[in-house]
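Note that subunit A is present in both complexes that follow, paired respectively with subunit B and with subunit C.
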Partner chain A sequence: MTDLQTEPREAELHSVRAHLRERSAATRARRQLTSKVMVVLCWIAILCAAVPLLMLLFELIDKGWPYVSSWAFYSQLPQQPSITQPNNVGGASNAILGTVAVVAYAVVMAVPVGVVVGVFLAESDSKAANVIRVITQTMVGAPSILMGLFAFYIIVKQLNLGYSALAGAFALAVLMLPVLATATEIAVRGVPPTYREAGLALGAKPSTTSLRIVLPAAVSGIVTGSILAISRAVGETAPVLLVIGGAYSMNWRPTDPVSMIPVQIYQDASSAYPAQQNQVWGLALLLVAVVFVLSLFARIWAGRKQKERR
Partner chain B sequence: MEPEILHTSGGLLFEEVSLEGGEGGRTERPSSSPRGPYEYVLMGVSVLFAIICIGFVVTIILEAVPAFKQQGSYLFTGTTWQQGGGSTPSQYGGLSMIVGTFQVAVVAMVAAVVIGMGTALSIVFFLPLRLRNLVATLVELLAAVPSVVYGIFGYLVLAPWVLTTLGPFLSGLPGGTAIFGSVQTGTSMLLASVVVAVMVLPTFVAIAREVLSAVPHELSEASLSLGATQWQTLSRTVIPTARIGLFGAAALALGRAIGETVAVALVAGQVNQISWKSLEPGTTLASWIANNFGEATGDQVNALFALGVILMAISLATSLFSRWLVARQRRAAAVV
Partner chain C sequence: MSTEPTLSIAAGLEDQEIEDPRLGPTAMSLKDVAVAFNGRTAVRDVTFDVPANKVTALIGPSGSGKTTLLRSLNRLHDLTKGAKVTGEITLGDVDIYRGGIPTTELRSRIGMVFQRPNPFPTMTIYENVVSGLRFNGVKKKAILDEAAEQSLRAAALWDEVHDRLKAHGSSLSGGQQQRLCIARALAVEPEVLLMDEPTSALDPISTQAIEALMVDLKKRVTIIIVTHNMQQAARTSDLTAFLLMAEDRAGVQIEVNPTLKLFSNPDDQRTLDYIQGRFG
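Up next is the complex of A and B:
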């Protein structure tokens, strides 16, 4: 071929290249601009999230600390403020005792059943296990107020025990059961299959293998799951609100109507007396502190056990 | 495991979220093993548990049947809530609560997912390494804060602010009263959505962070080395890889928003009306039950149980729908 033919072609290519270079520079600039804008938007998002949440923590500590740090808050019964004595609000000893009692009853009811169901789910491949697994997963997402309605019907109405600590504990137990079952199932499944195989190979019965080898290995996961379930139950308001009745004295027996911290917060928040309204920050700080300590404890426990295993 | 399990157990279970949601180590067991007392105890207790769960659904429905018989379709279409006396019949309409539930849940979920995605991406990819763990722990702790605390924060701090500052500002915008209405007490559907969004935000961020940081570094490095910008890497490589987990987190946020009771009861205003203008008060199913159950007598108790049945149906339908979507996504991922 002659030079005459290639020369215009090269010129043409040259101009195409220049055009492409220009365009790619333009797209690159646009891409980088988009990227920068989106990154800035992400930073704005984290600000939007942080502002209300940090404000909440600040308000909680700022307004709640005076109550939480005073002994009277724990030792005194609440008082009904009046027009002549608007600041006479007393403490929250009854709500604290009631919360401990109801949660304790709920734990006694829920933990054994939840753990056994979790072990069953982890060990059985039967159809029944699959059905129960689906039920468990569905129950976890059920709105918590429905547990209150359930407890009202069973305990308050059918068993005729009235508004009581037991009814509140029943509602919380139903709430905790699927959580416990799921946490246990995960913990048991997390045990390496070789453990079980080793036990079976040594001639142990399947039940002995489960009880002596697999469960002890899974116990830290089960404990962590239980603590987290408890920390959730402590703060639940809706289910217990409908059934515990409320009390202005130190009630704790299963058949007594009791008062609980979350319910007290909910009810006093709309009080007409500013002093009583302000006291809910103390209750809220106490509640949040308990929940934080429980979940931090669960976290540290889980982390430590994980390290041990390695 | 299903993502639904995550919120309830807080931080620990987040570890179980893998990108593909693996089933965990299931071992083959000899099928001919004899059934001893141990197996029967396991089976028996589990059946008891199943009976409790079925009883839970059945009793609520049974208690609601009289109301469904009495009110018929008025429960779904009516807007009056009044106990009858003497010759006037009771009227229990649940339309405002049903509409309000969707309003609050959808607005809160969209806000929480949009802000939560940005937050989670920032935590995983932009925050300095030293801050990352601290912020992640803080977020997981905030996810454990009881909802009633978010409720009083909304009621005692945000509501006065809406009343004096935000409300008048929004109404003052051109066309503001037509869109937002005029502020009445501060407690409003807008505030309810905001409080629920703030409440579900830590839960969403905690899971999204976990899911996003599980995306292999090789993928984003490969994308960056091909000349993609940071945002292109995130939006076309990281987020699509993590989409199943992110979707589960969003479904969880929606579920919590639908069932939220006390926080909404405090800040929504509890007025039985459909309020399309967001500065005006309204109500939701769960909060209406909580608010009225204490004083309810006679047929009103049944009517509140009926609202409970409607709430149960809505929550079940959304959870089944999101599970179906996740399963479909997972199948699609398996094909690729």
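Up next is the complex of A and C:
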């Protein structure tokens, strides 16, 4: 009885298996071909993206290196070339100093506010938090020239401080603020709730718990976010163009008019003298290098902190 | 059949006179306690006294509300939106929900150890132990040093870490981290220590160390432990409360009895079924 039932079934199964094997061989061949085609397509796409980028980088290094590698570029003020001395362009010391100063002021203004807002967004589920979150997200996407106009109106006109480093820093701070707040919110939310509970269970006040347990645990994320916000601000032209004044001297005080690398690039590129136009490549290379180093630093920092945590 | 001993620890004891730990002084008292989240009851009808300087175990299958009940005892549900605790819970003679006691004071009198070791990640071993004191405003180094050594000794960790107090808490093994968390909780000198499945993330040897520690710590504090490990409850506790999920999916108290009695001759058939492994 059992034999009668199992035998034909086994034969049937056998043929089914053979059929599947045959089919699977065909399928495998087809899939391998598709896979190869896809790999080729991927490489073409990568080349499309990478070639222009590499060309740009090559051009940048080729033309910018002579400037970046000379000490005069960092130590001298820009000179006005003339018909008798068309190659007398000097360096970019004022723009470098101005960039460092303005970004430093912007960090001092933006980081404390951004961190406080971020912590508030992470810890509060009130209506106010939701409203602020929407505003923050909108600000991330706002065109950066808007911050320039804002700084121009508030600092230069209303507060009557004139074209100054402070006005540029204000514009950059407003630009960095939403990035910082969002990074802080994500970092604070990423701290496992068990640490907060442990703090409260020891009798700590909620504010103490936030400040002394949750915030320190979120610091690596906040620092990474800050570095990325800075590297974005360093290269911004539009918001500062309107308000910093573009001075050709070693100014750095908050109320001084200053120059910055992106603004200097903008001004030099429209010069009548080819030597001045060429110096733009040096400035651009320096800017790219600074942003690259900052991003690299942020990545290394984040990776190291993550390892420490484990 | 119903009198068959179920665990070796309780074997042969069913005829003995079992002393009820509740006859002694009471540390905490629960009356008609229920916890609901957004109107949905998670645990209800819990009424029993927690004897002072004893270990009380809360046992029951998953979903029976053990942890939910435990977290109501130091008002940790206050953090959860929509959580509501009803009934009466007293610590000594203070009603912890309506007695006007600040939650910060309450929580420094009722410490807690969590399911997974959670030493503060940015702090050293020393800073972890004294963190509770620092949060409560203690600044004198002599006091902190004294408390750190005393608490680490009480948590049986001092010998292993006294020469590396400045190392990060996360550099310790899982079992050591959990004892660090116990030391941290002890440093603020609580009257009651809540333990939420404190060994569920640990290996057997670390588990054994913590169980031995609990029995030792009874002299200092009243311990309430949630465990899904019945052997652990039998080994360490004096009083056991058995909870079970009712038809409305809320945990209810089935039986509270001296541990030896509950594991040898329980009053309720459902308790017997559970400890004999018929469900859960």
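The definition used in the following text is that the second predicted complex is superposed on the first by the 267 of 310 C-alpha atoms of A that agree within 3 Å, B and C clash if a C-alpha of one lies under 4 Å from a C-alpha of the other, contacts with A are read in each partner's own complex, and residues count from 1 in each chain.
Simple rule for what comes next: contacts are C-beta pairs under 8 Å (C-beta built on N, C-alpha and C of every residue); 3 or more make two chains touch, one makes a residue touch a chain.
This is a predicted model, so every value here is computed, not measured.
By the touch criterion defined above, A:192 lies against subunit B and subunit C together after alignment on the C-alpha atoms of chain A.
When the shared chain is aligned, no partner comes close enough to touch A:83: not subunit B, not subunit C.
Contacts of A:201 after superposition: subunit C is touched, whereas subunit B is not reached. Put subunit B and subunit C next to each other and count what each touches on subunit A; the higher total goes to B. After overlaying the two complexes on the shared chain, residue contacts for A:212 are found with subunit C alone; subunit B is out of touch.
Legend: residue contacts after superposition of the two complexes on their common chain; A:125 is shown touching both subunit B and subunit C. In the superposition on chain A, contact of A:272 is made with neither subunit B nor subunit C.
Of the two partner chains, subunit B is the only one touched by A:31; subunit C is not.
Residues 125, 192, 196-197, 200, 205 of subunit A touch subunit B in one complex and subunit C in the other. Within the complex formed with subunit A, the residues of subunit B that make contact are 1-2, 4-5, 8-13, 16, 24-27, 29-30, 33, 36-39, 41-43, 45-50, 52-56, 59-60, 63, 114-119, 121-123, 126, 137, 140-142, 144-153, 155-157, 198, 201-202, 205, 229-232, 234-235, 252, 255, 258-262, 265-266, 286, 289-290, 293-294, 304-305, 308, 311-312, 315-316, 319.
Interface residues of subunit C, counted against subunit A in their complex, comprise 74, 76, 79, 81, 103-109, 111-112, 114, 116, 118, 120-122, 131-132, 134-136, 168, 170, 181, 184-185, 188.
Those residues of subunit A that touch subunit B in the complex are listed here as 31-32, 34-35, 38-39, 41-46, 48-50, 52-53, 55-57, 59-60, 112-114, 116-117, 119-121, 123-125, 128-129, 131-132, 135-150, 152-154, 174, 177-179, 181-183, 186, 189-190, 192-193, 196-197, 200, 205-207, 210-211, 221, 224-225, 228-229, 231-232, 234-238, 241-242, 262, 265-266, 269-270, 277, 280-281, 284, 287-288, 291-292, 295-296, 298-299, 302.
On subunit A, the positions that touch subunit C within their shared complex are 125, 192, 194-205, 208-209, 212-213, 216-217, 219, 308-310.
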